[in-house]
Amino acid sequence: MSGSIYGRLFQVSTWGESHGAAIGVVIDGCPAGLKLQESDIQAFLNRRKPGQSKYTTMRQETDQVEILSGIFEGYTTGTPISLMVRNQDQRSRDYSNIASVYRPGHADYTFTQKYGFRDYRGGGRSSGRETIGRVAAGAVASALLNELGIHICTYAKSIGPICVDESDYHYNEINENKLYMPNNEIAKHASEYLDKMLENSDSAGGIIECRVEGLPVGIGEPVFDKLDSCLAQAIFSIGAVKAFEIGDGFHVAELNGSTNNDAFYVKDNEIHKKTNHSGGVLGGMSDGDTLIFRTAIKPTPSIAQPQQTVTEDKKNTELVIKGRHDPIIVPRAVVVVESMAAITIADLLLQNMHSRLDGIKKFYDC
Amino acid sequence: MSGSIYGRLFQVSTWGESHGAAIGVVIDGCPAGLKLQESDIQAFLNRRKPGQSKYTTMRQETDQVEILSGIFEGYTTGTPISLMVRNQDQRSRDYSNIASVYRPGHADYTFTQKYGFRDYRGGGRSSGRETIGRVAAGAVASALLNELGIHICTYAKSIGPICVDESDYHYNEINENKLYMPNNEIAKHASEYLDKMLENSDSAGGIIECRVEGLPVGIGEPVFDKLDSCLAQAIFSIGAVKAFEIGDGFHVAELNGSTNNDAFYVKDNEIHKKTNHSGGVLGGMSDGDTLIFRTAIKPTPSIAQPQQTVTEDKKNTELVIKGRHDPIIVPRAVVVVESMAAITIADLLLQNMHSRLDGIKKFYDC
Amino acid sequence: MSGSIYGRLFQVSTWGESHGAAIGVVIDGCPAGLKLQESDIQAFLNRRKPGQSKYTTMRQETDQVEILSGIFEGYTTGTPISLMVRNQDQRSRDYSNIASVYRPGHADYTFTQKYGFRDYRGGGRSSGRETIGRVAAGAVASALLNELGIHICTYAKSIGPICVDESDYHYNEINENKLYMPNNEIAKHASEYLDKMLENSDSAGGIIECRVEGLPVGIGEPVFDKLDSCLAQAIFSIGAVKAFEIGDGFHVAELNGSTNNDAFYVKDNEIHKKTNHSGGVLGGMSDGDTLIFRTAIKPTPSIAQPQQTVTEDKKNTELVIKGRHDPIIVPRAVVVVESMAAITIADLLLQNMHSRLDGIKKFYDC
Amino acid sequence: MSGSIYGRLFQVSTWGESHGAAIGVVIDGCPAGLKLQESDIQAFLNRRKPGQSKYTTMRQETDQVEILSGIFEGYTTGTPISLMVRNQDQRSRDYSNIASVYRPGHADYTFTQKYGFRDYRGGGRSSGRETIGRVAAGAVASALLNELGIHICTYAKSIGPICVDESDYHYNEINENKLYMPNNEIAKHASEYLDKMLENSDSAGGIIECRVEGLPVGIGEPVFDKLDSCLAQAIFSIGAVKAFEIGDGFHVAELNGSTNNDAFYVKDNEIHKKTNHSGGVLGGMSDGDTLIFRTAIKPTPSIAQPQQTVTEDKKNTELVIKGRHDPIIVPRAVVVVESMAAITIADLLLQNMHSRLDGIKKFYDC
């Protein structure tokens, strides 16, 4: 791993800035023989595209992906897969008044301290557009997981203070509202909340939840590359994430062993758990149950309200951010969370293959 | 990184099981010239040792560390540092009734599925004793951080439902009570709660909080090795962790941009933040403020109450765990959290050194 | 590192096949502030381009590089640098008769066994065009090395049996003949030899030598990432390489300690070596002397002479390779060798920065 | 990989200096279920032990290995395997006159420049004793390879100018003479040559050759982790190595395509090569033939003859090395070469398992 390379066997190398020529990703380690075409990837990218609702940014991009390598006659060849999306609508003039100012809540300050200067246009590498590479790679990882009977379902559990309780989950409604909430009714209330945010030139955050079904038991590499460790890193690498939890999450701090342990039982010669407080991870490895995790996304920092801040040459100043900005990024982040989960799980599925000698001998016909 | 190797430049490779001959760690990449002796490491290990209070396990181990390599005349040489602690009190007989049973809440089941069998004695590699290697390495990392003016303070913020509010923090009291809580008075209440757990043959969890002072701005490697990403992975790799958050954490989901952004201002020609909702991390890099994170530890799974479970040959059974077990591991986990934070930060401090050409030219006198 | 990612801090991720849409590379870890423009990279690529002499392939490609990310206002930003070259002349029809045949000396057979099938057009990923990504990255690494006063000189020491002895080296003539030999006169003889190869529908190999000046002492990471180890891996990763040696190379096997050791002496308060049998590497680290290494390139496997081989469905057959093929690749490989050396040295220069505590404290102003 | 950690899945982390408390290795990623006991490892270590013949050093060490973790009831558990050998005979006084002097041909100078100071006793980390860790790990890797029907044969092909031609190979005689040459008769001549070296207070080098049988086709990860690339790095990481070649090696530079290509043919429905100029590697992957490589070891730098050198405070001086030193290390290096080959191949065998989707689906019963 490195700054822009994630994974050990299924490796993802992202590149590109908001206002550069293009944004993309190179996937190294995807096994050969996977059926893959541009539309598979485009479907994922369309879920993060700007301009989907009145609440997401008005930047006009078609975000058409191009497969540059790694596919032959419709199947992956086992060689690196290079995917690219050209930037089209990069209106630099929108950012001129912030070129020498550190926007609160953004990486401007830290980036400049680290590198000496920054591409100030649109957030540069810290821009939400950087997620294009992750999502494109996530589409490939998901195709691989589907072949192995593993499916991921991701949604906005809460937008601001409006939350969907588990008892109100209608999974089929996730794609029926523009906020990707698992309940159309509650999504309406969230909409009204966001209308207020737009009026107040403010923004909101939310919580995204993700469930993975079909994982074999034992996925994860103790002790440092545990399934939950790797997921935590992957999800936290998404901009604006400030929290991550598995299963009962922070609530475990108030439980007792008797209320938190998941009892085992056998049915039809298969082992099951009575409850799922663990969230599908035990000892850092998948336990056969649904993998459940949640992450909190902070409110979009770019708001039109006047803010106190400083200039690059250390003078106090007031900033009013102009231009087009998301009052909420949670809906667009849903597919990003799903993508990072897919990439992480794909990587660990590959790593798990060499855990036992008998499995290796069987693979090599010994 | 791999299953048992953590880090990119400051690399930590742990080994050892609960009932094996010894437990240890090899640290590769520690710079030469750091003053280091066994007592520095022993001080850290003593904070995790069993038998410290009536609430921690009664296993008798002196856990004396031996430095086997990497030090010459009191200073690190830049070569790998090998540290080892011999296991002494490994009473195997305590575990005989669970050899072929999967204990709820433990890694027995997942471990056996992954590897085909397991060392059932005392939890094997999943045992809490595995943290000896991490803590020994954490002592070395901390010594390095101290040389750079960076200090870490870690404590139990809550034990079960008993929580210390930030307004009641008395940092100097952390080492005055056996629960490492930042308030002796509240620690007493927590004690009473734990006495009840012991009576009920049950266990409790808690929340550990960690603050880091003195970090230079810009530490962290976007986009995948961000400071918060790496910390999340490091902390989640500790057994029993189920949640991790930075700054306002999950609470950000209910805030707005106007209430979550930290305004910048200049004072004495230095840039500061008015508030610290970010918890010291912005865009995945340190922002000069105190780094603050929290993690939730689940209740110890080993309780004496009867539990429903299954045998390795898939038969339903009831399990009563005998022997000596922690009703609470949070106090002993405090130094483990601190160690993983130290190791992660040390690694990122080294990685940051090659971010800018001018810094590299200065280093090489060009 | 992985199949298509090289390096630990200065990381190079290549992608692309001979007949895919494009070929490229992503460089992660290049420090910010390095002056860089397309012409710097184009200069390197032009040295490997096809169609330079009658001895190199007649494939028509302009190989124009495009910088897609990582540069802002003429300087690297510290973010990933994505470089791409579009394939133009991919005449698939030239390869139709070999689609289901394993060409001797090529990776067809091994590739198909490993991945189940292969992109048979033009050698796919095993094609010499894959080196475009390496050379583009090599240009960036070289720019970095130049900033640090390090310079690399690479040339063809021998073509087939025609060899230039060290006493006949005229470094200034390297770029004056199309074979990149350090002696125009001897290059003429080599030309005549190659004319004969063309007549015989045969091919030749050769030896490339490389000298690096200006390396600081101590570059290389014992014990596994030694300077010579990393160079050996980097050079051997180039297709057609079958040997690598440093300094006196294989000849050391016949020397004695008294004739192989390089004595030290002091002059003008600086330490020097009387001789350079070590080739500039001692204990796996640079010793301040010129770094000298050599590599042997095998003859191009694609020859027009009839060859005995097999089909993919295991039938014996005779193969006559049609189309355009290099009778010699050594001249075009010179810049590839130079590029891999530059990338490797850049990576180790960055890794060396954290060897000593005093250097780290100085960097962080402690 | 890092300075002291080698490998991507089968990872080897060595530690220890010549005069430290002990020397050892941690192996992470060895699959569970491999039968392993101390005697398996001891057999390998005994081949490198000092004091085997009058030509090897007189340092008295029993080099008894202790398994500290990773084994349970005679089988590997899939957890890290820690192996250790205590240093016993560390006569520091033998090195007092060289504490502040840079010995020619040794790493004293480069090590001190890199780290600021060095453990001068016995070569510290650069000592030949460092290979103990590699050889112990090599024993484990070899046990794994044997399970997969892969066998390695290594020997001294030449000692100084005394060389065994391939036509004179008697493999069964390798372990019958103390020089590990594949011909007792020629080994006698080599002995006489070494007697002369001892008389002259000089030393000699040699060439080690290695053959691997039974490799499946397709092992190696293009483009950077090719089989030959990884072997080159692994072998070159051994101290005193100055050259490495595969198959026809440097000789390919004088061959033509027609004489260097290996023709394919089918027999009994299996694909074979008529010749083996490739040395068993094609396109960076194993081609089913015997893998053959050679490496050159330079003469031991520590000779008793007076040598010109410098002191640490930059004064010219003459050095006479006292104490016990190998006039030849080639015989003891044979098992080190074999070990590094075993480790590299084991790692690549594991990495190869995820190349194809059908193999992955089969593994997961999909």
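Letters A, B, C and D name the chains as they come in the text, with residue numbers starting at 1 for each one.
Everything below uses one rule, namely that a residue touches a chain if its C-beta (ideal position, glycine included) is under 8 Å from a C-beta of that chain, and two chains touch if they have at least 3 such contacts.
Here's who's who by UniProt: A, B, C, D = Chorismate synthase.
Every value quoted in this text rests on a predicted model; they were computed, and no experiment measured them.
Between chain A and chain D, the least number of touch steps comes to 1. In this assembly, C is the chain whose CA centroid lies farthest from the centroid of chain B. The geometric centre of chain B is 44 Å away from that of chain C, both derived from CA atoms.
Measuring from the averaged C-alpha position of chain C to that of chain D gives a distance of 26 Å.
Centroids built from CA atoms put chain C at 38 Å from chain A.
In chain D, the positions touching at least two other chains are 2-5, 8-9, 14, 29, 32-33, 78-79, 114-116, 125, 222, 355-356, 358. By the touch criterion stated above, chain C contacts chain B in their complex at residues 8-9, 29, 31-34, 76, 78-79, 144, 147-149, 216, 222, 349-351, 353-361, 363-364, 366. Interface residues of chain B, counted against chain D in their complex, comprise 2-5, 8-9, 11, 13-17, 20-24, 26, 28-29, 32-33, 66-70, 72, 75, 77-82, 84, 114-119, 124-125. Here chain D touches chain C in the complex through residues 1-6, 8, 14, 102, 104-111, 113-116, 125-126, 130, 158, 160-161, 197, 200, 202-207, 217-226, 228-230, 232-237, 239, 241-266, 269-271, 274, 278-279, 282-287, 296-303, 305, 307-310, 314-316, 352, 355-356, 358, going by the rule given at the top.
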